[in-house]
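Next up, some structures in structure tokens.
Heads up, the next two complexes both have chain A, just with different partners, chain B and then chain C.
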Partner chain A sequence: MLKVENLAISFPVKAGLFSKRRHIKAVRGVSLTIQKGQIFGLVGESGCGKSTLAQAVIGMQRPTQGQVFFKGDDLYALSTPAFRAARQNMQMVFQDPFSALNPRFDVQRIIAEPMHIRGGFSGEQMEGRVLELLNLVGLSPEDRHRYPSDFSGGQRQRIGIARAISLHPELLILDEPVSALDVSVHAQIMNLLMDLHEELGLTYLFISHNLADVKDISHSVGVMYLGSFMEYGPTAQVFAQPLHPYTHSLLAAVLTLDQQKEPVITRGDIPSPIEVPPGCSFASRCPLAQPKCQVETPVLLEYRPGQLAACHYPVI
Partner chain B sequence: MSQDALLLVEGLKVIFPTDAGIIKAVEGIDLAIHPGECLALVGESGCGKSVSSLAILGLLGTPPALVRAQTIRFDGQNLQALNEQQMAQIRGKDIAMIFQDALTALNPVMSIGRQLDEVFLKHCGMNKSQAKEASIEALRAVGVSSPAQRYRQFPHQLSGGMRQRVLIAMAFAASPKLIIADEPTTALDVTIQMQVLEELRAMQRKSGTALMLITHDLSVVNYLADRILVMYSGKIVETGPVKQILKRPAHPYTEGLLTSVPRLDTCNTRFYQIPDQVPNPMNKPSGCHFHPRCSYAGELCKQTMPSLRSLSPQREVRCHFPLQKGEGGDSQHA
Partner chain C sequence: MRTTRRKNNLLAKIWHHPQGQVGLILAGLLVFAAVAAPWITPFDPYDVTQRAEKGLAPGWPHLLGTSISTGQDIFSMLIYGARVSLLVGIVTGLAIAFLGAFMGILAGYGGRFWDTLIMRLVDVMLVIPTLPLTIVLTNLFGKSYGMIIFIFTIFGWVGLARVIRSQVLVLKSSNYIKAAQLAGASRRYIMFRHILPGVSNLLIMSTALTSAGIMVAEAGLSFLGLGDPTAISWGKMLAEAQSGGALLFGHWWWIIAPGIGIFLSVFAFMRIGLALEEVFNPRMKRSGMLLRLFKSINGSYIQEVFDAMDDRPETDEAGKEAAP
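After this line comes the complex of A and B, so read on.
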């Protein structure tokens, strides 16, 4: 369904008159494959490049290097009409349901907007489809004449999801879809996403900073740090036997309701993506770092079947 | 127990009259915080937890809000009787706040050093050079690296975790008796959240400051708090020691919140969900506000709001059919 090869994205940063022009290296050489019907979990802390990667996948951000293949076609080499056709096949659900919906449009208009843009639908068809979608995401038919301000965060997220699936896309990119929601609503939206995945046979790229969100729903997972994958593999395996010290740190930092377990604290701050340190990008915070880690950049190696880690001294 | 409380609030009500109707944000809550204790106010957005803390501090604009309380007593003083100037003296000196969003809480055009100095100059009677020294020391105490350099930097030059540390340093600066922390780590990444929480816990334990923690995250509560107060739709539904409540919740809402927390240690193909939505504050359900979402609700719950009843000397619950019986089992009720 989706294949990303050696993708790199950098942004120039404004610098002083005499200083050298610098670049933020948001994504540095990422490759991933998502099979049809699979859920890929992309995890990482803020600023690690996960959202930039998503934008490149969906055609909103031309990569500096590398390719994105959607159903076998190089997305950024397609002609404009072909690109638009491919683009309709992948849709995005955003994190903040408050800013993702136009406050001046009613729900009918919001959900029908993609159909308007694509064209070729009669008013009746659109109305019918909107009703169908409302039902699918658990909203009532009367809701279609209301405005976003009438809805709570969870309901708005449902509207955003209805809009995303209105054109029958095959790939959904979910950028932190539940991070802004309350605990009790969080689970409702996760369950809705799971149901839609099953009923509509969708493929998901699920982005989250919360490991617990990704753990139960994704087939494979990629752990990103400073623009590149630290670890990549089948979800169950990565969670049960993480290879990379960073994955260990992430898992250990998750607070639990367990009263005995004391969380382990990872020291240090995330380095700036402008001045990515040489060697392993996690070396400055890694409890297991050796001199070699500061000099030589580790590459992703398959330490266990399907499970890759970019680390000189993985936890085996 | 209320006699030796540092902060005692009784019958706090906050109402917002609007054109569309009356919003009852807080419907009469009682709370007490003792010196050195960490009390967690837990609930989802709109339950009234932040509004309560702002009302206690006198930070709610009146109008639009109407604040009523039988008692708001802090350290022997009746806060309701103080004028704005006296309140301002208490805020910052005796009661400090840590807000969720450090970027908006800090002044963007002032170096963090100057912002910290302000606390020492205003509340501790120091001169400029003493204040600078104290500020740098305060930054060091919360784990800010190279504090002398950071002192000259502006908020935008710091990372989110660093900014939050600056807020913590600022809150502890004047050695307050009480700190109110409103979602102090919600905006932070997991590994950074842990660093900041550890700093906060260490500072609190060292200084013996009482802490009122406002959060929706029960795992943060588990890490930091001694006592918990669960709010739902403007009312307290359960209160007691953290360890007991997290282990054996008595209110169905608390139970729901606990099971909703996504976990790493269990494997579930389905997420536990509390059905439906938090009620509209303008149109709350009759009887127990939680009954439409409660799987244990009976006829009684639709009609009468349960009162906050004592389960054991330390625990209270507002439920007709609590999930836990009082200490010592059923014999107590017999």
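After this line comes the complex of A and C, so read on.
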């Protein structure tokens, strides 16, 4: 369904008139594959390049290097009409449910907008589809004449999801769809997403900084740090037996009721994405770092079947 | 039902706003006075042949007396003056809204080339001293209100274009526009369905506020004798009162009358603008921001006219505040 190959994205940074032009390296050589019907979880701290990667996948951020293949076609090599057609097959649910809906449009118009843009639907067809979608995402038919300001964050997110699936897309990019919601609403939306996945046979790219969500929903997972994957593999395996020290510290940071567990505290800050240090990007904060880590950049290697890590000294 | 209430027209909303109501009533009266002037004025304000009636004090039938040198009926002149003020104010306000919206959207959504071009043009326009230029242009091409509207528009769109551009930049990065792009929306679709409606509030509001500002500026230019010499306007009435010796003879009503006219028309449109601002943005803090917007739209112009009118040395304060 989706294949990303060696993707790199950097942004030029404004510098002084005479100083050298510098670049923020937001994504550095990421490759991933998502099969049809699968849910791929993308985790990482804020600022690690998750959203930039998503932007590239949906064709909104031309990568500096590498390719995005959607159903076998190189997205950025397609002609404009083919590109548009391909893009209609992937839709996105945004993190902030408040800025995702135009405050001047009523719900009917918001949800029907993609149909309106594609064209070829009669007014009745659109209305029927909107009712169907409202039902699907758990809103009532009367809601279609109300405005975004009348809804809570969770309800808005439902509207956003309804809009995203209105054109029967095959791939849904969920960019932290529940991060901005209350805990109780959070669980409802997660359930809704899982139900939709099952009912409609969708493929998800699920982005989150919440490990629990990723664990619940995804089949495979990629752990991102400073623009590249630290670890990549089947969710169950990565969570049960993480290879990379970074994954370890992430998992250890998840709050549990287990009093016995000593939290592993990661010290220091994330290095600047403008001047990425040589060697392993996590070396400056890694509790297991060796001299080699400061010099040589580790590559993703398969340490267990399907489970890859970019580490010289993985925890096995 | 909510929908019907949302969609109901803007006039009703302004009407239900305490400040807006005052503005609407006043503006309505002024428009009526301007349109019906030939029928409601008791005398012909252009009649300068009433030698026997010169310099009368307010009374009957000359409600506000007559001018000292020519015996024109001041009340009738006052009503006729509304025509020039409203016409110049409203037409310029609309023209500025159109030009400002066009330039602002082009700069914000037309790509880097247009953005750079228009913003540099804005920078240049902002530093051109408009009053000397107005004097030159009106003397070259004839003193008419068409010319004044043209000049006000050419220099007035600048501030609005900046405001619109920044609003477009905010809208452009919003997620609902991204969602529309994902669904395959063309640039045209996004421009007309999302961006233009997104700045329409700003446009409507600025039209009301700009009109108010232009009315003051117009009075200033007419006072300086740069308006149409054959038309009757409040600014020109003030100039005539000054040259005709109103102060010397203590004919205060001759000065107060056009002053009230100018005040009422500006007040009415400011009220409407303020009401619109609050209708569109109920949570807005009312302090300062509006004044700044108002000044940034046409402040430099008004300031210049005022500075030319009295001999005060130019205070830098207003200029500083106007700068965003």
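In this text, the second predicted complex is superposed on the first by the 310 of 316 C-alpha atoms of A that agree within 3 Å, B and C clash if a C-alpha of one lies under 4 Å from a C-alpha of the other, contacts with A are read in each partner's own complex, and residues count from 1 in each chain.
Definition applied: a contact is a pair of C-beta atoms (placed from the backbone, for glycine too) under 8 Å apart; a residue touches a chain by one contact, two chains touch by 3 or more.
All values derive from a computational prediction rather than experimental measurement.
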item	value
Superposition on chain A - do chain B and chain C clash or fit	fit
Touched partner set for A:Asp150, first chain B, second chain C, both or neither	second
Chain B, chain C and vertex chain A (Cα centres) - angle in steps of 10°	70
Which of chain B and chain C A:Asp96 touches, first, second, both or neither	second
Touching partner for A:Arg118 - first (chain B), second (chain C), both, neither	second
Partner chain in contact with A:Leu250 - chain B first, chain C second, else both or neither	first
Partner chain(s) touched by A:Tyr232 [first = chain B, second = chain C, both, neither]	neither
First (chain B), second (chain C), both or neither touched by A:Met194	first
First (chain B), second (chain C), both or neither touched by A:Phe40	neither
Residue contacts on chain A - larger count, chain B or chain C	B
First, second, both or neither for A:Gln88, with chain B first and chain C second	second
Minimal inter-chain CA distance - chain C and chain B, angstrom	12
Shared chain A contacts, counted only where both chain B and chain C touch the same residue	none
Contact set on chain A toward chain C in their complex	58, 60, 84-85, 87-88, 90-92, 94, 96, 99-102, 104, 106, 110, 113-114, 117-118, 145-147, 150, 160, 163-164, 167
Residue numbers on chain C that touch chain A, as the complex places them	1-3, 6, 174-176, 178-185, 189, 194, 197-198
Residues of chain B that touch chain A when the two form their complex	44-45, 145, 159-162, 189-195, 197-198, 216-220, 222-223, 243, 246-247, 256-258, 260-265, 267-275, 277-278
Chain A residues touching chain B - in the complex, by the definition given at the top	45-46, 152-155, 182-188, 190-191, 194, 209-213, 215-216, 239, 249-251, 253-259, 263-267, 269-270, 285
